[in-house]
Every structure is written in structure tokens, then in C-alpha cells.
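Chain lettering (A, B, C, D, E, F, G and H) follows the sequence in which the chains are written, and residue indices restart at 1 in each chain.
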């Protein structure tokens, strides 16, 4: 029930069309369902936030296409289809043309499609990866940031072997309003960056590496236990979540 | 906001005291908060269910006493204070006399206090333990069941060493409307009981034993992986939860 | 040894055909083997319960077909073949026509076949999933519930993103005699539903999601540690078990 | 080496006091050590950030007192002594009077002492706990936020049992510039809050609860796997870290 | 129901005192409960096996004393009270004098009391420990072996640092009919012994050591994954179980 | 250095051909290498034990064939090639004809080849599985037992669903000199069998099942924590190890 | 910024071309980035160390080829491409001919390519494996050692079954300046070797084996908990890391 | 059997006092036991290595004193008593005066006593800790290094907060022949140091910190997965092991 409907109900009460008992009965039901969350949605819209995302794995191409179409039918912010395989991408674009496809290679499917990108946001976001193997997760993060209006800067391969690139980007780091660190293995880059910048740092552990990297668990734990105060962490390989976190933090 | 308040609001709209805009504004807020859950609470009351429970560990005696008093101020079902130490028990009984104290010895504190027990329920509940070391958890389960109106039968020490007691209780097992199995170590008793009875079986892994019992994790996993179809499981040492589960299942 | 055989033995004792020593010897053996469990089976039959289920993975098509045929040879309740691949399904139906096939897509094989469904049961069962990726597990659960006589209502995709569907189903939730919540990721839907309804809630963690979902372990732990009192849990992806649990709980 | 020293060195080069070879030799060493990080420190100062924190456990009272004194000797932001026991608190205050003591009860020691609080910051921060057992961690978080200039609002006990308090605080939630959710057990409150607000949400898993709560691991995993997009997480019981994360995010 | 009772029942059938229907009814019940397991017990008695053991932790002194007394009331093999504290030992000996007390220091309580030891068995059992810290577990193992009739040889401290003692005992090792290896840390001694002797080897991981010993988990896993073919393993610190395993293997 | 060589050396010393210094030098080296372990091998031979086994996975067909050939070149007990794929089997049989091939289906490769089986041993060994999915592991166990001279009896599918087969085999169980229990899921069958028989019981957890079976970890832990005293356990899916353990135990 | 540039800057200061302010500004930036680490690199060069390694998995062939080419463009030590698949190998060799290819079979890709091997180093390194299944990891280790100038000796298959090979190599072991032990399963070989030699021992756990080997975790834990004092450990399957560790230790 | 005994045996053979058969018989036994390992011990002595260490926890004071006395009775290298409590220290010094006591505070007991320190070794060893809480482990490491002849340099508190101390020690780092990094939490300091120095780096994870530090597991995993090539790791809190590792590496 949206506001016009609610206003109509109240008008009907005022005009006597609807009795108080019936109105109470209707009202007891609906607000939880609709008004409460409409308010939330409105709030979202005001912030020009993340919008809606459809996680493709496990859905049929038709399913993906249908949900995307439905979401685009309502005016609003960006709509994303994440980790989609070629068939899912094709089906969704067929029904809803105009989406931007980014090949990420993350999570099997490997593509993110974005419709109706948000208006540009001026804040500067830096996405840094420890190795080239972290690029798929970082690429998804960048694509989601772009869909939400940012123009993030991606600096890859800044681990111990390539730390000079991080240093070469010290100005960018100093200027960043938020930093996303994408790292697997022991994830030490997050602590390093967290110690250098005072901006918010979102750490994304990745499942790269082998053996004692334990599919990202080692990086995850290390980031959570980081001695760099105020680092926050999202789930393994969750570049999408990191982008959403940044979208919450910055205007 | 309860129904009278809502009705008053609608009356005010009808009488013109309140304009639609202001009414919409108020209504957008409240229902999520009050009406939606009042309905739920009402539903609870109709079922004469578990009531409210206060988990004592980490609360001051005064805190415990205050919350219990507050809960008893509103008419309703049973009010429980769980895993309370002597000071917490004393403080709560001082402010709210009449509670029934059961020494369980579980979770440090070791006592459960119950006020305002539910009316008697006829269903037969059997609580079985594998060993005497499982008795604290089982005792808490029994006390909660009693507070919710049941008269459960407790049969202890039915593991491999004492399985004859289980067999001696085959009639009780056959007659039970629900069975709670409390077992540590490898938790095999749950599978055994689950294979014998067709009644609902709630398995409670306990942290008894040592070494490879891994503080209840072994029993927990074994119960979850049980080949006895339709067994359900609650958390380690959660006799309280098992009693609540039974209270949900039975009239 | 069934009852007629036992009666014959006793008649033979009475008529002197069999000496007490020999009778004692025979009796010491048999009851454990046959009578004790025959009693159990009888009990099962009285409840028109779950019947027998054959877990297909790791068995040859011929194996599956043979066991199903054998089970159907004895009068009784429903017979299920779970997680069967196309060859197993074909072989079983070839030998035992008349089974109902449900494509679930769960567990590799992906089909459940049910023979001799139980008579209709009036109780209302609601199966709710957090996401569409949980549908295979939920579908298996629904198919097993149907084979055991229920007409469950399936409400999909009620996670945070689609919670309005849950709210739209508040009446169904209020009316349900039992609810099965199927959820992966952090499994929070189970706590939410457990807090709303007073009916028994069986939570099924699923292995959907990636990274920190840890193949269902996260949802499993979260459901076990849920602060919604009286929630019970079955193993990861065990929609079959959840259906059996419901069949134990409801008439 | 600070800027004056550097400028002197260059002057010496220009005046011929110092030869290029010697200057190169000196410069090759120092900047890594001093200039690079002085820059970082300066950056910190500009942001009026978290300042310096001393983790008390494992340090002698004298040790604590000495480090605090040393940190206060240099002009700058707030100085914190965390998880200090009474002896550590007394020793530190004796040497450095004027600190504000907050009894948190977290981590054994149980007190946080703050000197030289930061100037007031206008942003609104909400700290929400699922249960009263989460209060020690939340209290530490609040104290750190206060030391860094915020006036956070603490809303306790908003889990399933007390969710009406969260709802009663919907306005505060809507107005918050950042939200810290402190929850143990299954940590579902974080997902719930993350779905309601578009503001940044920092989730702090706590080690409250027993059994399947696994000392905070369950809440940690659930928060990391949350389906509420853009939630970020800090380590178990790390209320300090959550406060620092907020201090990074907000002006 | 023991054999005389059964024989009486059959006599009553033969004499017409008991009708077949009633006899069937009685027989359907009892054998599962009594005869089936009486048979097992008889089997046990024939082997003069392990007898009955009471695990003391979590039981009151009176509880311990009562169970021991009850077990000794029935003729049979050895009766053991394991991991008993001084009060439990005293109470049990007070009610049932004549038990042999062995101070083991394992599992808190630290004493094993044995009544009615089994007749001597000639087989040679060797109990080897890797370090002196493994002695409590080994001592319990030795005491249980002695109660079951063996005269085991204990060779302590044969880890890498003291492997010369193992070598000095090569003859004993060559002559042993069974070997129990008690080792913590990385448990490599089990593999070494398993490679030297062809006799059955039972490995007992202990929770000695610190850090990466992970309370016995490392030794447990290492023993299970041992490349010495035919090694078998019992639970962590389970010297009692290892003794029982040997008692099963040897005449 | 074998005995003839050693004797020659001593003869050379006696005859003066070899000086004491040189002899000491040679002797300091060799015994560790050869004599010590020759003694072990001799010991093995005396027991007509397990012989030598080649684990095929990760080896080339040529590699497998070569090692087997080498082992058969020395007189002795059985030689086994385990978990071999068809190419490995073919290559080995080509170079060393006469091996007995058993298709087990375990571990990818799926075949066990045995050469030079040991003379028949009279002891009775029972191999019991909980489900048909445990058959590959059990089949490997049986094949190894046969190669070492036993004529084991295999009883399959004795879990809860098929426990009547176990009961039908009670005589075989009572007569067995050793029992191997092969079970996945929650592994409760091992506890059950351990409680019925006084013979040695070797439990083999298998990686069958899904979800909370955790690839055999659940069964492994449950077997280690079993309340049936004296149960011993081998590694997950290690039917080979269980057979070797039995070969150590029985004459 | 290299030394000439720095010297030029200082010359410009001396000559007045550059003002102190501008010079300070430039200097504050650069040293962290360039000089600090140039110093480190120089240090590396002096030691003729490991050089640079490119981890191939997750990189395109072109990516691999480009990075290798870039690294070779700068004079220096060896350049390695690790775990490369055929396409990656071909692309890299096409752009940078002259690399030595070693088929290791480790990590999917299976080849290590080395360019510009270091001058010969005289130290003796022994690489020992417990089984043939450990050879891929050991082979990678050997190839890296060779690229860094060593001529390591590889002794394979020295586990319990083949310990005579280790003993046959006692002289080599006694002469080794460093030993790398590569072992899966329970990893006991590392403890054994660590107890025999006083040279540095680097243990590499491998993911060989099945079941309770837990993909190398068991060997890893056992090596970390080894009672052989002074053993050090690298990550699972990390033969590359072990070789680098040796290169750090030896001249 | 030492060399004189062996020589006597050979003399007896030569003189005819001992027949070849008897000599063979004696020789088959002894060398494994005595000569083989005597050789190892000799090797140790030549290297003036770690000597012998007695791990005090779990031993009685008398036990500790006796073993130390026994070890000192044989000429050789240093003898250490580790993690001893005051009673153990007193007893050992009473029987064997002259030991140097270092209060470490690690592992409960908290003291290391060293007798008969090794001659001075010139190599430079640097021990670096991330925080002051890592000092107990580092202190034990330093004391063991000193007992083995080194004069290590301890630099404490070089984590992110105090990294300037590491930088202030860059010269020491550059000059070190080996570095021990002692760090808890996320252990990133090891990666950082490993990237700066080309010397061997031994990383010691410590159990400091709380929550997601998981008692040292996080640091352990991070160090094992470090992207700094050639880092090696010892067990959690194993400062003793790290010192021994260094003693193996350096002359």
C-alpha cells in the first residue's frame, strides 16, 4: 500500500465510506508489509544508493531476464545482474536492452550487467589489489562502483612483489575518500594500507592462492585480526559487497 | 500503538481533528512498530506458548530482577529466568516472589526460575539422556517443559552402558507424543531413538565428555547427519531450546 | 519371526512338540531380531508415516530398481527414491511403474520419485526459501511432504531483498501448522520466521552462496545459535529430513 | 627527520657544507623511516582521527603508564588505554591525570581510559545491541566514539525478544549517519538493520552465548555472509575497531 | 527377564496357566529388553572382559558410590570408577571397600579405582609414551589393563629426545602381543612403532603440548593419516579406551 | 647388509684381512641402515603379515609396474597395488602376471590388484557396512583381507533402515574374531556393534553422504567419541588400513 | 628515483636551480617509494638471491609473457614463471627465449620456467620426499633451487615403506648444509630427519593422500608440532617457498 | 654400545673368544639402538648445537631436577629447562647450581633456565616483535639463542603502531644474518620483514590478541600463506623452536 492508497483510505474514513472497524482491520495488516518498507525504499532512493542486484548463479536465463525486467519496470536506481553466464547475460539483455556488461571472470558465470547507472558521485574511491589473481574480484567491485556513480581508480598488483606500485600511487591513496583492498594469501596489504591512510578501508579477502591460503580463510582471518585500527571486512570474494559498503559510506 | 489508539486516530480523521497528511505521517511510522507485532504477540497468547525467558549470564542481579518484574507486570504466559546464579535468583525472587527454582547446574549459574506456569497440557513428552553427565541439560529442559504446562517423563542414562533402561521404557517411548534426546560423546542415542519411534524427536547435543567429543561438536554433527529420517537438532547444551521446540509442536 | 510363528512356537511348547530348553534357546535369539522391530514397524504403519526412502547416489540403476521393487512388494506407506539421476529413475520406473517424478536439481542426480503416496493430511505446511537458489532443496522437501500426504505451500525468495513476499504471506504464516525455512548464506530468515510464528519451525541450511557461506556451515551454525527460541535444525541441504520431521510432528 | 632538518640538510648542500655524496647517503636512509610516515601522521592529524590506543592486557601497570605518558607528551589527538585492569588504570592516571574512565567489563580488565578527547563531531552514530550480554563490547565502542568526538546513541537489547526497541528507535535509525550493530549468537540483527538503513553499517560479532555460538564465530560468519548488501564486519568483540571504522567514515 | 523367568513362562504356557495370546504379548516386549542383551552380557562374561566402568566427572560422590555398589552386587568382571576426584573415591570405597586406587592425574579428578580385577591374562602388552607429559593418560591405560588381567610393561619418554629408551626396549617391542602408543605433539612415535612391530598397535593421541598441538588434534590427525599400515586410533586422552581395545584383541 | 655379509666381515676380522678400525667404521654405518630393519622384515615374514602395498594414485603406470615387479622379485608375502586405474592395472599385470583384480570403485582409480596371497588363516572376520554407499570402501577392505589369508564375511546395508540384516547376522557377529564396521553419515553403527560384540571392532568412517556428513569427518569424530569402550578407528575411507589392523590382531 | 636523479636534484639545489621548498616537497615524496626499496633490491642483488617469480595461475598467457619480459629487461638474478600451463609456457618462451622448462605437474599448470639462472653455489642441499606422490612438489623445489644456483640432491620415497633409501643416504644427509623434507599424510618423516641432522630442515607438507590427510592440513600441523627442535615449515605444497627459504639460509 | 665396546667385540671375534654366530646375534641388535644414534649425537656435538632441553610443564620438580642433573652428567652442549614454574626452577638449581634463569612469563611456568652455555657465535640475530604482548615468547627465544652462543638483538613493538622502531632499526635488519619475527594478531610484520631482508626469516605466531586472532591460528595461517617468498614458520608461541631453527642455520 503506497501513500495515495493510504490517503484514500483515510478519505474514505473521513467521508464515512469506510467504518473505523474495517479501517482498523485493514490498517493492522498492511503497514508492516508495505508502509514500513516503502519508507525504507524511499530512504534508499534519496541516497541514490545501490539499487537492486540479482545474483545469477542457480537461476535460469529466463528467471534472470524476468527479475531484471520487473525491477526496471519501477523507476529507481541501478539494477545489477551479478555473476551471470553468457546465456543469462543474453537473455537479460534481450528482454532489457541497454545494460553495460563487464566481464569479471569471478564466480563461474563471470559477467556483471548494469542497467540505469546512478548519477555521478564526486567522491574518490581507490581499489587496490595485492596480485593480478585478485583482479576478477576487484573488477566486479569496480563495475558495481561505476554503476552506483563512482569513477573508481583501480591499482593492481601491489603486494610485496609489487609494492612500488602502491608507493607510486601514494598521492591517490592520500586523496582517496575510501579504499577497497582486495587481497588473498595472507592479506597483509590491508593492514599496510590501513596504517597509511585515515580514510575508510574495506578489505575483501579473495580465494586466490593454494594450500595454506585455505580458499580465502587465511586472508579473511588476517584482515579481521588486523592491528590497523578501524579496518572493516566483507566476505570472501565479495567485491560486490565492498562496493555496496563504499556506496553506503560516501555521498 | 494499540487498537484503541488507532481507533481514536481514525475518529480524529473522521471528525476533522486530524488532517490526512498528518495521519499518513503518523501511520507510516507506527504499524511496523506496534500493530504488526501486537498481532504476533496475540498469536502467542492464543497458543499459551513459551512465554518470555531471560538469559541471566552477563546480567547483574538487579538487571535480572528488573526485567522479570517488568515481564510479570503484563498479563501473559510463563516468565523464565535461565542459568541464574544464587545472587540473580535471590534478587529476582525478592522483587517477584512465587517463582519455582530448579537447580540445573548447567551453564555456570545453575538455576532456572519459573513464574506463572502455563495451564496443564495433556501431551506426553519423554526426555531421555545418554548418560548422567547429560542430566543438567536435561533438567533444564524438563523444568522449561513443566513451566509450559507439560508433565514430562525423564529417563536418564540410556546410553550403550545403560540401554536396558531405554528398553525398560519402551512403553513410554511408544506412548510419547514427542521425545527429547539429550546426549554427548557421539550422540548415537538420538539415531537409535529416532529409528524406534515415529513421534517427533528433538536431539540436544551436550558438551559432556572430553577429547574427541570436542565440547559437543561431535554429538552435534552426528545428530545432524543421522540416518534416522526426520530427527531435528538444537544447539549444544540447549535444553531450553528443545523444550521450546516441543512447546511449539504439541497442543 | 512374526506373531503367527511365535504363536506356533508357543503352541508347540504347550503340545509338548517343543521342549522348554529348545524353546528358550530359540526365543533368546529371535525377539531382538524380529519382534522388537516388528513392533516398531507396526507403530510406523499406524501413523501412516514417512515410509521408506532409498538414497540413490552411489547405487547402480539396477540396485535402485531392485530395492524399490522389494519395498513396494510389502503393503505399506510411501516409497521414495531420492536424488536419482535419469538412469536410476528410468530403471526404477521400468520395474515399478506409477511413481511420480519431481525434478529437484538437488544433489547431482536431481530427481525424487515417489510411489504409493500417503492419504491426504489436512495440516497446513508452509515451505519458505530465502532465495531462488534454495529452490532445489525446497522442492525436494515439498515433494516428500506431498508423498506423505500434505499439500504444502511453497513461498520462495523471502530473504532481505524479497521480504515483502514473506509479508504478503503473513496470513499463510499465521495459519501454518508447521513451517520449513530453507536458507543459505547467513540463514537469518529462520530467526525472523521463528520470531513471528508460534508454530514449529524446521530450519534447513543450504549450501548456496560462496565464500563466507562456507557451503552451508554458516547458515547451519546461525540457525543452531538462533535467538528465536524453539527453532530446530536439520542437516545442510536436507530438505528430505525436514519433510520427515514435519511428518513426525503433524497428524 | 622532520622538515626543518631536511631543509637544513639542503641548505648545507647549497652552502657547500655538505657534499652531494654524503647528502645522498643520508637521504637514502631517512625518508623511508621518517618523512614517509610523518606525512601519514600529518594526514591523521588533519582528520582529527582516532589518535593512539594502548592495548593493556599483557603489559605491566608501569608499562601502561609510561606509554600513555609518552604519547601525551606529543601534541595530538585522543590517547586511549583499552581493556585495562584497576592497577593499570591507577598507574596510568597517577602519571597522567585527567583521563576519563569507562567501566566496560570487556576482555578481563574491563576499563577504557581516554585522555585528550577530540573536538565534537556532529555526525550521528547509533550503536545497537542484540542483547544485554553484548553491552560490554558496545560500551567500549561508545566510549571510543566519545573520545573521538561523537555523541553516539546506544540502544540495547534489540534482538528478536526485544525488537520493539529497535522499532521504537526507527527515527534514530533513519537519522543515523552510521550504525554499529553489536550481536552474538546468530547475529541476525545485523542483516535486519542492514536491510532497513542505507547508512554504513559496521557489524561487531560478540562472544556471548554458549554452545553453537562458538565464542562468536557463528555471529562472525553470519555477518560476513549476510545477504544485506554492503554490511562490513570487524573482529569478534572488537567494539574498539568498530568505533575506529566509524571515525574513518564520518567527518 | 532372565532364563529362569523365561522357562517359567514357557512352563506356564505348557501347563495352561498362561494363554498363548498373553504369552505372545509378554514375549513381544521382553526379549529386546532383556534376553538380547543378557546374551551379550553372557558373552562378555565368557571372555572375562572389560567389565563395567563408571565415568566419574559430573556425578556426585553419592552417585558414584551407588552405581559402583550396584554393579558389584551382580557377580561378574572388574568394576572401574574412572577420573574420580578424592571425594568420589572416598565415597565409593566407603560403600564398596577393597578397590585399588591408581592416581593418574588425568582429566581433573585424577584417580582410577578398580574392584574385582579379572584373572591374570598371559599376553604381553607394551605401553609406550612419547614424553613424560603423556604419563597420566598412559597410567590410566596401564591401570585399566591391570584390572582386566594384564601385566603391561610401561616404557616412558620414547620420543625423539629419548628414542634410545625405545631402542633399549626393542626386545620388549619384539615380544609384545599388543602395543599402546601414547603421544601428543605430532604423534610421530605411533608411525615409528607401527613400522617396527607387526603386532597390533593402538595409538592414543594426548592433549599435551601447546600451540600447534591444538589440544591433541594434531596428534590425532597424524595418527589417523599414518603411513604405517594397520595402526588404529582411539580418542584424545582416551587411555581407558585403548586398554579396552587391547582387552578385546587379546585372550 | 644381510647376515652373510656380516658374517663375512667378522670372518675377515678374525682372519686379519680386515683391521678393527676399518671394521668399526663399516659397522657404525650399516646396522642402522640394514640390520635393524632386516630384523623387522624378518619379524614380518614370520607373521606372514600384510606384505607390501603400492598406493597407485599419482604414479605413472610404468612406475606402478616397476615397483610391483621389484617387490615380487624378493620372496615374501602378498604384494598389493591399491586404488589403481585401468592403465595402472594393465601395466602392472603385463609385467607381473597372475595378480587378482578387485574392482572396488574407491578413490578414483577403483581397483585393487593382489599378487602372492598369504596362506589361509582360520580366524573369522566380519565386515559390516551401514549403507550400500559404503560398499567400495568395504570391498577394498575385503580384498585386502583375502590377500592376507582371511575369508571375511561381508554384510552390507545394516544401518538404521536395514538393521534387520545385522540382526539376521547376529550369529555371525557372535562368532566373529574381529569386526570391521564401515559407515558414513553419523557412524552410529560402530557404537551399536561395539556394544553387542566383545571382539575387537575396527571402525572405518566413510566420506559418503552430504552436507553435515562433512566428507566423513562427522563419522570419524563420532566413532572416536563412541561410548562403546574399546572401539578403534582408522582414517576416513581407509578400508585398506582396517584390513591391515585386523591382520595384525589375528593369527 | 635512482641515485643519479637524486644527485642531480642536489646539484640543482646547490646551483640554485631548485629552491629548498620545492626540493623538500620532492624529497618528502620519493624516498619512501624509491630509495628505500632500491636499497633493499641492491641488498638482494648482493646476495644473488631468489630473483623474481611470476605465479602463473589466473593470468593470461600474454600477461605472463609480458611480466617475464619486463623483469628480464632489467639486469638481475633469475626470473621464474611458476605453475604455468602449456599456453602460458609457450607465450612466455616466445617473447623471452632461453628459459629452462621443468615439468612439475604441481598446481594444475604443471611447469616451471626459469630464465637467467644464478651462478653456481657450492652448498649441498638435500630434498627428501616421503612418497612418490610428493614428487611434483619436490620437483618444483629442486627446479627453483637449481635456478638459484644450487645442485640439490633429490632422494624420493623415504617414508616408512621406503625408509631404507633414507638410510642408504645417511652420508648425504650427514653432509647436507640444508635439508628440505617433502611429505604428506602424517608428515612424520620431517620429525625423523629433524632428529638425525643438525642442519637446517625445511618441512613442506603436501596435499597428497586422502581422508584424514585433509589435503595437507594433517602434515602441516604435525610438522608445526614436531618434537624435533628447530624444524621450520612452509605452506602446503609450497616447494617454491622451501627453495627460497634455503636460498636465504645458504651462501 | 660405544666404540670401545664395539672394538672389544671385534677383538673378541679375532681372538676367538666370541664365535661369529654370537657376534652376529649381538650386532644385529645393537647398532640400531646405540651406534646409529651415537653418530647423530656426535654430529650434534661437533656443531656445538642446541643441546638438550627439558620441557617442564607436567613434570614434578624432582623430575625436572633429575633429568637436568642426568643431562649435565654427560659432557656436552647447553642444557635447558623450559617453561618452568618457581618450584621446578628451585629444585633444578638446587641439584644443579649455576644455571641462568630468565623470566619469560610464557606458558604458565614462565622461566627458562640454562646451564653450560655454548661458546660465543659471531653471527648477528635479530628478534623483532609486533607488540609488547609478544615479548614473553620473544624473551624465551632470546634466552635460548643466548644459551646457544648468540648475542641476539631484541627490537620490540614494531607493528603498525610502532613501525618507526623497525625503520629505526633498518641498519640492524640489513646487517642481520637471521631474523626471528614474533607476532600475533594478523602477523603481517613477518611479510613486511620478509620483503625487506634477504636473510633467513623465521616467523613465530603468538597467541596474543583476542577474538578473530583465534589464539594464534590467524597469525600462523597468515605467515604460512605469506607472499614474501622463503619465509619459514614454527608453531604457535614456539620461541624456543625458532631459536633452535636459527641455531641450525648459522655457524
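In this section, a contact is a pair of C-beta atoms (placed from the backbone, for glycine too) under 8 Å apart; a residue touches a chain by one contact, two chains touch by 3 or more.
Keep in mind it's a predicted model, so treat the numbers as computed, not measured.
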In this assembly, which chains make contact with subunit A and also with subunit E? B, C, G, H
The chain pair with the larger count of contacting C-beta pairs, comparing E-G against F-G, is E-G
Same-residue or different-residue interface between subunit B and subunit C, half as cut-off: same
Chain separated most widely from subunit D, comparing mean CA positions: F
Name the pair in G-H, B-E or A-B that forms the same interface as F-H; by residue number, over half of the contact pairs must coincide. A-B
At what distance in angstrom does the C-alpha mean of subunit G lie from that of subunit A? 38
CA centre of subunit C versus CA centre of subunit E: separation in Å? 39
Need the CA-centroid distance for the pair subunit A / subunit D, whole Å please. 25
Whole-Å gap separating subunit C and subunit D, where each centre is the average of the chain's CA atoms: 50
Residue list for subunit A, restricted to those that touch at least two other chains: 32, 39, 53, 131, 161, 163, 195, 211-213, 220, 224-225, 235-236
Which chains touch which? A-B, A-C, A-D, A-G, A-H, B-C, B-D, B-E, B-F, C-D, C-E, C-F, D-G, D-H, E-F, E-G, E-H, F-G, F-H, G-H
Residue numbers on subunit A that touch subunit B, as the complex places them: 3, 6-7, 10-11, 13-14, 16, 20, 23-24, 27-28, 30-32, 35-36, 38-39
Subunit D residues touching subunit A in their complex are 39-40, 43-44, 47, 49-50, 53, 174, 195-202, 220, 224-225, 229-236, 240-241, 243-249
Residues of subunit G touching subunit A in the complex: 29, 32-34, 37, 52-53, 55, 57-59, 63, 107, 205, 207, 216, 220, 235-238
Which positions of subunit F touch subunit B when the two form their complex? 130-131, 159-161, 163, 185-188, 191-192, 194-195, 209, 211-214, 217-219, 221-228
Of subunit B, residues touching subunit E in the complex: 131-133, 135-136, 161, 163-164, 167-168, 170, 208, 210-213
